Structure formats: structure tokens, C-alpha cells
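Data block below; observations after.
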Amino acid sequence: MTDIRHTPDHRNIDIDRVGIKKLVYPLVLRDQKNELQHTTAEINFYVDLPRELKGTHMSRFVEVVNHFRGEIDLRHIDEMLDYARDRFSAHTVHLEMTFPYFISKSAPVSGAEGLMSYSCTIAASSRSGEESRSILTLRVPVMAVCPCSKQISDRGAHNQRSVVALSVLTNEFVWLEELITLVEKSASSEVFSHLKREDEKYVTEHAYDNAVFVEDIVRNVAYKIQSDKRIDWFSVNAENFESIHSHNAYASIERDLKSDRRGS
Amino acid sequence: MTDIRHTPDHRNIDIDRVGIKKLVYPLVLRDQKNELQHTTAEINFYVDLPRELKGTHMSRFVEVVNHFRGEIDLRHIDEMLDYARDRFSAHTVHLEMTFPYFISKSAPVSGAEGLMSYSCTIAASSRSGEESRSILTLRVPVMAVCPCSKQISDRGAHNQRSVVALSVLTNEFVWLEELITLVEKSASSEVFSHLKREDEKYVTEHAYDNAVFVEDIVRNVAYKIQSDKRIDWFSVNAENFESIHSHNAYASIERDLKSDRRGS
Amino acid sequence: MTDIRHTPDHRNIDIDRVGIKKLVYPLVLRDQKNELQHTTAEINFYVDLPRELKGTHMSRFVEVVNHFRGEIDLRHIDEMLDYARDRFSAHTVHLEMTFPYFISKSAPVSGAEGLMSYSCTIAASSRSGEESRSILTLRVPVMAVCPCSKQISDRGAHNQRSVVALSVLTNEFVWLEELITLVEKSASSEVFSHLKREDEKYVTEHAYDNAVFVEDIVRNVAYKIQSDKRIDWFSVNAENFESIHSHNAYASIERDLKSDRRGS
Amino acid sequence: MTDIRHTPDHRNIDIDRVGIKKLVYPLVLRDQKNELQHTTAEINFYVDLPRELKGTHMSRFVEVVNHFRGEIDLRHIDEMLDYARDRFSAHTVHLEMTFPYFISKSAPVSGAEGLMSYSCTIAASSRSGEESRSILTLRVPVMAVCPCSKQISDRGAHNQRSVVALSVLTNEFVWLEELITLVEKSASSEVFSHLKREDEKYVTEHAYDNAVFVEDIVRNVAYKIQSDKRIDWFSVNAENFESIHSHNAYASIERDLKSDRRGS
């Protein structure tokens, strides 16, 4: 019996992406301290489909994921993309993995250790005849003290948790840890999972002394990123869960640094 | 052809609830100012099913909802429950509707108007031979300034948006507006959608002067609710989106006031 | 006292978008039957911010929304964008509103009426000196019967709910109803909120006779959209909640029809 | 300086639960095949707070979690509860952990391997002077073919993914794998991550031959659970993502088997 997916298609339309979404899978990473990190990912996996083919082989996506041994290592992404392109005879392959990434942080005064988790996404694409490229996204919770509230008030200043999402396209390897630190230094204060009394005093005062608007956060990130030659493109947004409103404050900046460099 | 749902079932097991979930539907409410309010609800609708019946009539749930004219009015809930119990020959009927409820609020100094939305749920149950009962849940965003951070810090105090969820079982009509105000007065400050500079100053200082732990918020709500004779049972929880952490702080209290009153 | 937002900024970085997110608000629409439809929206509202300004006026976003009378009508979007650009002295304004849109549908055999809701988004942008443009997105639930499962099985065929998201940029007015119908005709069957026994038989058999892969759904939509001269650009994706897997099947196509037309 | 949390409280209200929510953390499990399984959990952690204390020590929750080595093993839960009760001088402790649990499954005909993930929750409570108790919840995706649609239609039958949530309170150790299998055997078919053509044929026909209503799924689970002497209480619900509707079908059963046994 002929596989119906091999019958010709008369609509004459190429499909940009076809594949699977929301496959939950274990993942192994190696972090900057050279330690093995086990986490779990939600995986999307796509190929293109030329106009002459009616359907792709959906089962092969899971087969490719399984082929990489039940626990995927980030250092095998290029290998996975190549293997998949070959297995599907595809022109392009897209692999997206979103996972919590864990970093142990010390509290600023007591030095008490606490594990922080950061939601990260790797979106890797491979096109035949071209080098593969990965967009790395990290979502970093930070603290934002409002400069306006501080200026006009006799005491206190409203502040809130903010989540900064930074996406970068790099031409050279960059550690997640570097980017996370860069973002954390762009807000009023970084946040911690474990703070003792003396740390809470420090964080409160340090944040109060470094009041920033949501506009400042994205500008601070952009300012530092734009001079990093390893980064060709970035997009950053910050969303403040305003403590005085039930809606959020938001700002975003996107720049094609590669073009900007060529232009100058 | 016999409807398969009418064949006998040999497992001999009553079903507590069977019906539909996540039907999105328009809703009409009358608010305390006697104004008509149009909103949208997510509806769950269930009946019990005795052991001798294999299946319920799923299409009738939507039929009952449609019967009430495309736009459901909260004042018709008892009528809907009765109609449904009759239509299904059911012993019990459960109707849950979750919707945003809008209230116009004035900023504390400038008086500037702004519309606030509160996510509310009405969970109404009717049992044959008994009076129907409704549990009303409201989720109220508020501002919480940390008393500890304020006490130990030379300047500032970390604060955050908190969401307080209050559920009540009443023996008499209570306006949503009353309960929302009660919750808003239990935190460091209520929040607003529209604040001018002078309002922001007021809210910042007022909140700073009324620092509360997450524990205080639920105790303040419980303290006021427990002396309200119209309320037979309540449950309250508060979740603070801590600005110094990426996890939340939480507290909850539940009391059966009717039993407590009988006991005393 | 000088407003801190008016102090100069030395980082020299323009901000693409700054504003508010997730404001819940009532909305009024006029549907194709010329009936008034009340619904609720989640609103995002942004302006650009030139490098020389430190901060925007966050409270003005809510002020502009309130200015349009508590219930926003889609026909006033251009007016809102102009008013906002003026109020902020901004170069660009972006307004995004996501809301359920209700359409009454008749069951295919019995003609029984039932209300369907479709999640829609209007993303409108206005730039000084240019015409405003709106991208309309609709998310349409449909039924997808797998052609492969049908072909290889002696009886039955796995099928599932699929959600098709279609975004269009138009050069002329197009009714949401037209686009929803176009998408519904591209799957195995449209779905309904209210079906009697005779309708369920019809839908089951009709869907079985019109088996489509997730690839077919997006190609069918693309095929019809690409010949519509009112549409300059579109993006369509379909996500099948596979009944035989716990992950989803997905396909997407995006085309710049305006460029394609110029090119041909 | 006195810690403000140690000041007396005059509202005279005990708090049922106070603590932290949504801490993301690595977790280590040992599965039935005696293999180590690394996963990630979202953790909630609470204690009670007597009326005479104003506030709890929020930082200690993270301290206790960290004390258990960065990677929590389920076999240490009792130890964690005891340690926490001691650390807080609390009467009751509650620990909730929600995590994906991975099981390798073979396709029914080809035997092809594929990893499935199941969202599970352990809610463990400890009260001084009593044995600790854990409620185990598992969410199992299955396939449901509609018996009514099958009966009335000349060809095909609508079917869909369903998610069955089973919670149990046990008096003896029960493997997650046992409960997952029990639920999977209660539907039209279990679902798989990896199916070849011959498997898809088998699953389609097997499911068609085992059509079940949402009512049947919960009754089948209840029927098997109620005769298991290791289980003192259970609650089961099933939610079918109907392929012919955009709302879901739902059924639920809860039973206190321990009381039932005493009563009989």
C-alpha cells in the first residue's frame, strides 16, 4: 500500500515549518563551572516541506530525539540538526528547546547559597549549505525600584519583580551565565532564592539606591550588548509587574548589530 | 436505534459530576451602582449521574446555556439550576462561571477615574429538596510592603503586587464591591489602573506607612469576615510576587463560621 | 520639582516600544449581522521613545483608553492611535487587543443554534506621516481526521481538535466572519458548540470523508488567501492536539503577497 | 533590633498555611526499573502559624530545600518534613512537588521505544504526633473514542486526547508506574510518543474497538481502584478535548474507601 504522504500535491505551496510541538524531554547541560546539569525541556522540532510532497514523517522527529540517547546534551545540537536534515532529506531544520537552567548564587552579605532557576530557550536552525545558527533566549527575574516614586515620595518607593527577556544571535560561544549576569546588573538589584536578614537589608538599600524605569533596564542591557563583538543581533524586553497597578509596564529594543557594524 | 447512553451500566458506580468545561460565553451583570455590565465568562456545568445510567446528554448543557438568551444574567442562576436539574432529571447541578468584573475607581488625590478588573468566580450548586448555594470567589490585586525590610533598612522597603483570593459562602446577598473593598483595605494599599504623579506619591507613602506581611493580609481579611453574620464559611489566600525573589510568598486561612457559631 | 522622566539620557539609545501590558477592559464590536457585540479584551499599548527622553508617561496610556468611554469600539482604533500619538508626541503607536469574538452557528442537520467563541487579536500600528496598519489574528478551532490513519486502518481513523491561527495584513476591510469561514472550510470539519444526534452523525461522517493532514490545513488556507487581492501578507499555522500522542503536530506558512505580486 | 516577626499578634487568628510557592528546583527520583531519574519540580512548601506569632521565617523554606543537597530524592520526603517541622517549631508541614515523570514505552506492534512524560504531584503533610501522609496525583494523557458517534455513524467516530487526573491516598507504597498503567487501560487506548505505521493502524483499530464515554473512563478507573486495599481515598477526573467542539467534556468521582470499608 502506498503511503499517502508520498502522493503528489497539486496546490503547489511550500510549507515553511512542519513538525512536532510540546514534547517534554530530559536534557543534560554542561554549565560554566563544568558541572553536569540535568533539567527538562519542552521541545519543538520542524523541517520545511517542498510543494511536491503531501506530508512529512511525523514519527521521525521523536526518532531523532530518541536517537540522541534519552538525554540531550546541548553540545550535540549541530549533530542533531545535521542528522535530522539527512533523515528528512530536508532543506531546513528548526529545533527549539525551552528549559529551566539552574545557577547557585551566594547571598550578597551572608554568602548563604541558594539555587536560582532561569527559563531559557535555544532556537537552532540549520539550512543546507549554510552554517547553523542559534538564537539564545533567557528570561531573568530582577528587581525594579521606580525612580519617579522615589523622587516624589517622602518615604519609600514602589518596586516590583520584573522579568527581562534577552535574545541574542552570536557569532562565537557565549555562556548563559555571562548574559544572565549582564541582565542582572542592568536592574535595581538581582533577585535571590535565599536571603538572610542582613542580605535583605542590603538588597533593599542597594535597589533603592539604583532606581530604574523599565526603559532604563532595556537601555542598560542594550548599551552593554551593543559593544560585544560576539553578538550579531539582539532583542530585549522587560516587563514590570507593577506593585501599584494590576497591569504591567513594558519596554523593548531590537537591533541588528551586524548590519549596524557594516553600515558604520 | 437505541441511544447507547440509555443502556444499563454494570459497574455500579455513581458519578459525582459530569458535564462540560471551558465554554466561553457572554455574561450580563448588574453592579452595585445598578448599572448593566457586559463581560465574558468561562463556564463549567455539571450534573451527577446515577449508577444505572451509562451516559449524560452532553448537548443539553449548551442547550440550557443558550436557553438563557445568549447573555446570562447572574440573577437567573437559580432559575438556570432548576431548569437544568429538570432537563437532566438530575439530583444535583453545579454551575461555575469565571469572569472579569469591572469597577471604576477614583485615584486617591487627583480623583482621576480608571477602570479596574477583578477576576471572579461564582460556583453555584443545587440539590433536589435543598436550597441552592453559591460560593463566590474574588481575586483582588493589592500592594504589599514588607515590614521586615522596612524595619531593617535605612531607606526603602521591598514591596510587590499580591493577589488575594477570597471565597465566601453566604446566607444573604453580599455585593462583590463590598468584599473587594474589604480585601483592598487589608493590604498596604489598594492598586489602581490610573494614577497621576500626586496619586503615586500618596500610594507610595500610604503603603510604606502600612507595611504588612503576607500573613497580615490573610489575618486582616479573616478578622473582618469572621464577624460578618451573612457569611457562613470563607477561605482566603494571598500570594505575594516577591520583588526580591523569583518565587512567591503565600498564606491561607479557611474557617467554617457556621460551625464555629454553633460551637460557641 | 522636575519630573525625572524629562531629564536627558546619555546612553543614546532609542526605545522601540514602551507602554503597558495586560490591561483587561470591556470592548464593543459591531459584527457582520450589524449587531452590537460586547466582549472583554486584554490590551497592550506602546509608543516609541526617542533617545533624548528618559521615560514615557505610563499613566497616559490608561488615560487614552479611558478617554474612549469605558467601552472601546473597533471602529475607533485609528482615532485612538492618532489621539495617542498626539498625546505622547510619539512617532509610532502600537495597540494590541485580544478578545473572544462570538458567532452564532446553526448545527448542520438540526439547525440547532449555538454560540461559538473565537479568540482574536487586532494589532494596530500608526507611524507619523504614514497610513496606519492592522494585523488581524484569529484562532479557529477545527476538527482534523488523519488521512494516514484512515488509509491504513480497517475501521476508524484518529482525529482531534486543531487550532488554526491565521494572521492577515489587509489593504481593504475584511470581516472576521469571512476569514473564520475560510479557515473552517480548510479542515476536515468545522466544530460547533451545540450538536444533536443527527448533527453528530453528519459531522463524524463528513469529517471522515474529508481527512486532512496538518500540512493540508495550512496549505488549504494559504491556497485561498493567496488569491485574495485585499490581503497583502499572511501567516497561518495549525496545531493538532493529536489523540494518539501527548505532543502536538504543527505546520506553518508565511507569505508576503504584496512582494510576490510585484515580483510576478 | 528585635525581629518584627517575633512581636505578638492581637488578631488572635491561627494561619493554616504560610510559606513559599513556585520555587523551581531539580529533583531526583528512582523509578520502578530501579533507574535514577533526573527531573525538575515546582515546589510549594508551607507550615502552620499559631495565633501568637506575627510572621514565619520565609528564608528557612529555601534553606531546608537546599539542605537536601540541591537535588531532592523522593525517598527523603519524610526526612524533609521532620527536619522542617523541627526547624520551624511547627505543628504541621506541607510540601507539594509537581514534576514531569518519564517512562520509556514500546510501540504496540513495532516495539519502537519512545519516552513519555507524565505530570505528577506529591502533596505530603506531616503533623506532630501523627504519621505523615502523601497524596499522589498523576495526569495521564489517553485516547477516547466516542461510543455514540461510532454507533450512529456509517463510518468513522470522533475521538480525542483526554487527560485523566488520578489522586490517591495510600496506606502502603504504590509505584507511579502501576497507577499510570491502570489509567491507560481504562480508556480507548493509551497514547505513545513514537508510533510507526503498523503501530498507528493498531492504535486506531484498538481504540475504535474500545469506544468509551468520559463517564466510562472515570468509572473504569474507580472500579479498579476501589478494590485495591492499599488505597484509602481517591479522586479521579477525565477531561476530553472534544474534536467536534471547542469546549471539553468532563467527569469526576471521589471516594473515601477507608470509610466505605469501615461502613460495610
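In order of appearance the chains are A, B, C and D, and numbering begins at 1 in each one.
Going forward, a contact is a pair of C-beta atoms (placed from the backbone, for glycine too) under 8 Å apart; a residue touches a chain by one contact, two chains touch by 3 or more.
Since we're looking at a predicted model, the values are computed, not measured.
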Co-neighbours of chain A and chain C resolve to B, D
Maximum distance between Cα centroids and chain A occurs for chain B
Tell me which of A-D and A-B has more C-beta pairs in contact.
A-B
In angstrom, rounded to a whole number, how far apart do the mean CA points of chain A and chain B lie?
35
Which whole number of Å gives the spacing of the CA centres of chain B and chain D?
25
Return the distance between the CA-based centres of chain A and chain D, expressed in whole Å.
29
By the touch definition above, chain B meets two or more other chains at residues 3, 23-24, 62, 117, 148, 152, 193, 195, 197, 247
Answer with line, ring, star, complete or other to describe the graph linking chains that touch.
complete
Contacts from chain C onto chain B in the complex sit at residues 3, 23-26, 37-40, 59, 62-63, 66, 70-71, 100, 102, 104, 112-115, 117, 193-197
Touching chain B in the complex, chain D uses residues 1, 3-5, 9, 11, 13-24, 44, 46, 49, 54-56, 58, 62, 147-148, 151-152, 213-216, 218-220, 222-223, 226, 237, 239, 247-254
Contacting residues of chain C [partner chain D, same complex]
116-117, 141, 143-145, 148-150, 152-161, 189, 191-193, 195, 197, 200-201, 203-205, 207-209, 241-247
